[in-house]
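A, B, C and D label the chains in the order they appear, each numbered from 1.
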Amino acid sequence: MLLDWGYVAIFALVGAGMVSLPLLIIWLISPRSDYPQKFETYESGVPTIGQAWSQFHVRYYLFSLVFVVFDVEIIYLYPWAVVARSLGAAAFWEMLVFLVILVLGLAYAWRRGALEWT
Amino acid sequence: MSGEAIAFYVLAAVTLGSGLVVVTSKNMVHSAAALVPAFLGATGLYILLNAEFVAGIQVLIYAGAITVLILFAIMLTEGGTGLGSRQRNEQAVVGTAVAAAMAALLIVVATRTGWTAGSGTLPPYTPGAIGQSFLRQNILVFEGTSVVLLISLMGAILIARRED
Amino acid sequence: MPGLTHYLVVSALLFALGIFAVVTRRNAVAILMGVELMLNAANINLVAFNKYVAPGAMQGQIFALIVITLAACEAAVGLALVLAAYRTLETVYLDEINVMKW
Amino acid sequence: MGWIWDVLRAIVGTIIIFSAVAFIAVMFGVLLERKISAWMQSRLGPKHVGPQGLLQTVADTIKLLQKENIVPSRADRLIFASAVIVVPLAALLDYVVIPFGTTRSGPLIFRDLNIGVLYFAATSSLVVVGILMAGWGSNNKYALLGGMRSAAQMVTYEIPIGLALVTVALMAGSLSTVTIVNGQARLWYIVTQPVAFLIFLVAATAEVNRVPFDLVEAESELVAGYFSEYSGMRFALFQLGEYGEMFAMAAMAVTLFLGGWRGPVLPPVLWFVIKLYALIFVFMWVRWTYPRFRIDQMLNFSWKILIPVSVLNLVVTAFFAVVVHR
């Protein structure tokens, strides 16, 4: 099993190298100009006002919040899916209870308007 | 040195090094971005400990979901970097002392205790074994987590929503 | 070959880093990041004990999964609190949040 | 000295997969996209470089290599530079678990991981972090808005993808992709799981930010979304990430629902490629058929239709697979 992940580690390392290779090439061969306007932030040709790093609306947070909870619910479904068929009907009912509670959460978020992009 | 030992030291260095960036960087977004290699390093350690299912979950939840949540929260407050304000309070000395004392204590405990090596072997296929365990012995825990998730979802929506 | 103690030492150092962030940071989000590091340290311990002390049972890994679940819940609720506090008090710096009621 | 052999095999495998993705999937994919869109609009498309314009993207890549290396002066250099590595790398990591075919000595796959499907979900979730980093690091209003929207969209559509993966894992009783393909020896899962297949395809389209879910890089409002500030080779690397992710999603759909490399007469690898390009054609067809969603429609569609339907589909599947059939 460790051998599998050794392969994956080499894949990631060699892959990072191969992705950086074009960056190294452009660092070596690309022309350089000394023309400050070129390094301005692109804003349709208008001079940039202020930083882009400004405050965002809370709705982004609400969506990612519901996402995190559902993502966590799904991680419990993976081990269940692997063994469910060998365990039989009990596994189905256990999962049904779990999923019903999950759907309750979705219904609550829906009713409270956390899923509206207002 | 065996391959496993090299992997261990590299992963430990990655985890602790990025952890150091997380706690010391003045730029909040750099801190949050450094969380990703810290979590991935810990993932590697789980794999060395033959817990590949936990490792997969670690990447999916920590690196893929919690980091996004934290990045969103940073961008929703103060609009990003936090470079404009002081990030450290006056307790730097105390903090270092407390952290060092805690580390020393834990390391002493970890090295002095004679851990008894258990018998038995790890099951080769962890997702299956975890599923068995969840649906047989730990069924209450399994259903309990869904209730915990439901309550935290409701609570978080209640708190985060604009009152209007 | 790294043994149990090696993993415990790494986890202890990671835990100490987390404590350092919690004690010295002013920003509530940064403190939450410190807490995440501490939970990760706990998870490394749990999985290491699973392998070296009780390899027959899966309890360590099960518990690590539950810690990850609770960490996600904690992050969701904690950050929601930070956002709520930011909305009413207009700060995320904990030493400036000094009212119990507004 | 057995380990040197393993390391060499891994390195060679990586180089083959990366080059194949870069040349066959991305370069040829971009050309195909331009040719197909031209065909659908009764145009000719690229025609002058090479026979029938076949070398157009090669020429484009060479051009991009010579471009000036521009980092905006207001950008956060570190984050700006690392995002460009994170996005394509996370997309390419998906290919570890995709079985391309089979030979006499076993399936043709980089590594058949025990947690294959979960690994796929985990690596593709890393793309989101890279996109947020790109949007934030550019310090450009269009890029940041595009990055935030992109992240909101991608995380939303990760849930239906996860549920579809769980449904297939339940059918096969395993998370390993090779076992899943072997489970389709008699019947492809698209026959028993048409709903899950549709959900996966729709969610995959959204996950790779393609039309009709391309509002994060809506040219008319957001310039180019999160990679507005990236030019030259960096832009090409984002294209690599985007097309790489699209081909990975299509390849995963083939593996999960269309029987992977299975098929009569023709060699397995050829079958895999035929199915893969059929799905890619569907992606491109959809692009020229549907208008763009609004962001609220896009999010509603996932939360209020796709996710309830996929939960229901999972329950029905589980009932038949676990209770009725055993």
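One rule holds in what follows: a residue touches a chain if its C-beta (ideal position, glycine included) is under 8 Å from a C-beta of that chain, and two chains touch if they have at least 3 such contacts.
These numbers were taken from a predicted model, which means no experiment stands behind them.
When every chain is reduced to the mean of its C-alpha atoms, the one closest to the centre of the whole protein set is A.
Set against one another, B-C and A-C show the most C-beta pairs in contact at B-C.
One finds 6 Å separating the Cα centroids of chain B and chain C. In terms of their C-alpha centroids, the spacing between chain A and chain C amounts to 20 Å. If you average the Cα atoms of chain A and of chain B, the two centres end up 17 Å apart. For the pair chain B and chain D, the distance between C-alpha centroids works out to 28 Å. Counting partner chains per residue, chain D shows two or more touched chains at residues 113-115, 118, 136, 144, 148, 151, 155, 158, 175.
Multi-chain contact residues of chain A (touching two or more other chains): 1, 5-6, 51, 53, 56, 58, 60-61, 64-69, 71-72, 75-76, 78, 81-84, 87, 91, 102, 109. Of all residues in chain B, those that touch two or more other chains are 3-4, 48, 50, 52-53, 57, 60-61, 64-66, 68-69, 72-73, 75-78, 80, 126-127, 130, 134, 145, 149, 152-153, 156-157, 160, 162. Inter-chain contacts occur between A-B, A-C, A-D, B-C, B-D. Interface residues of chain B facing chain D in the complex, by the touch rule stated above, are 3, 27, 29-30, 33, 36, 52-53, 56-57, 59-60, 63-65, 67-68, 71-72, 75, 80, 125-127. Residues 65, 68-69, 72-73, 75-76, 79-80, 83, 87 of chain C touch chain A in their complex.
The residues of chain B lying in touch with chain C in their complex are 2, 4-5, 8-9, 12, 15-16, 19-20, 22-23, 28, 31-32, 35, 38-39, 42, 45-46, 48-51, 53-54, 57-58, 61-62, 65-66, 69-70, 73-74, 76-78, 82, 85-89, 91-92, 94-96, 98-100, 102-103, 106-107, 110-111, 115-123, 126, 129-130, 133-134, 138, 141, 145, 148-149, 152-153, 155-157, 159-160, 162. Residues of chain D touching chain B in their complex: 3, 76, 78-79, 82, 113-115, 118-119, 121-123, 125-126, 128-129, 132-133, 136, 144, 148, 151, 155, 158, 175. If you check the complex, the residues on chain A that touch chain C are 58, 61, 65, 68-69, 71-72, 75-76.
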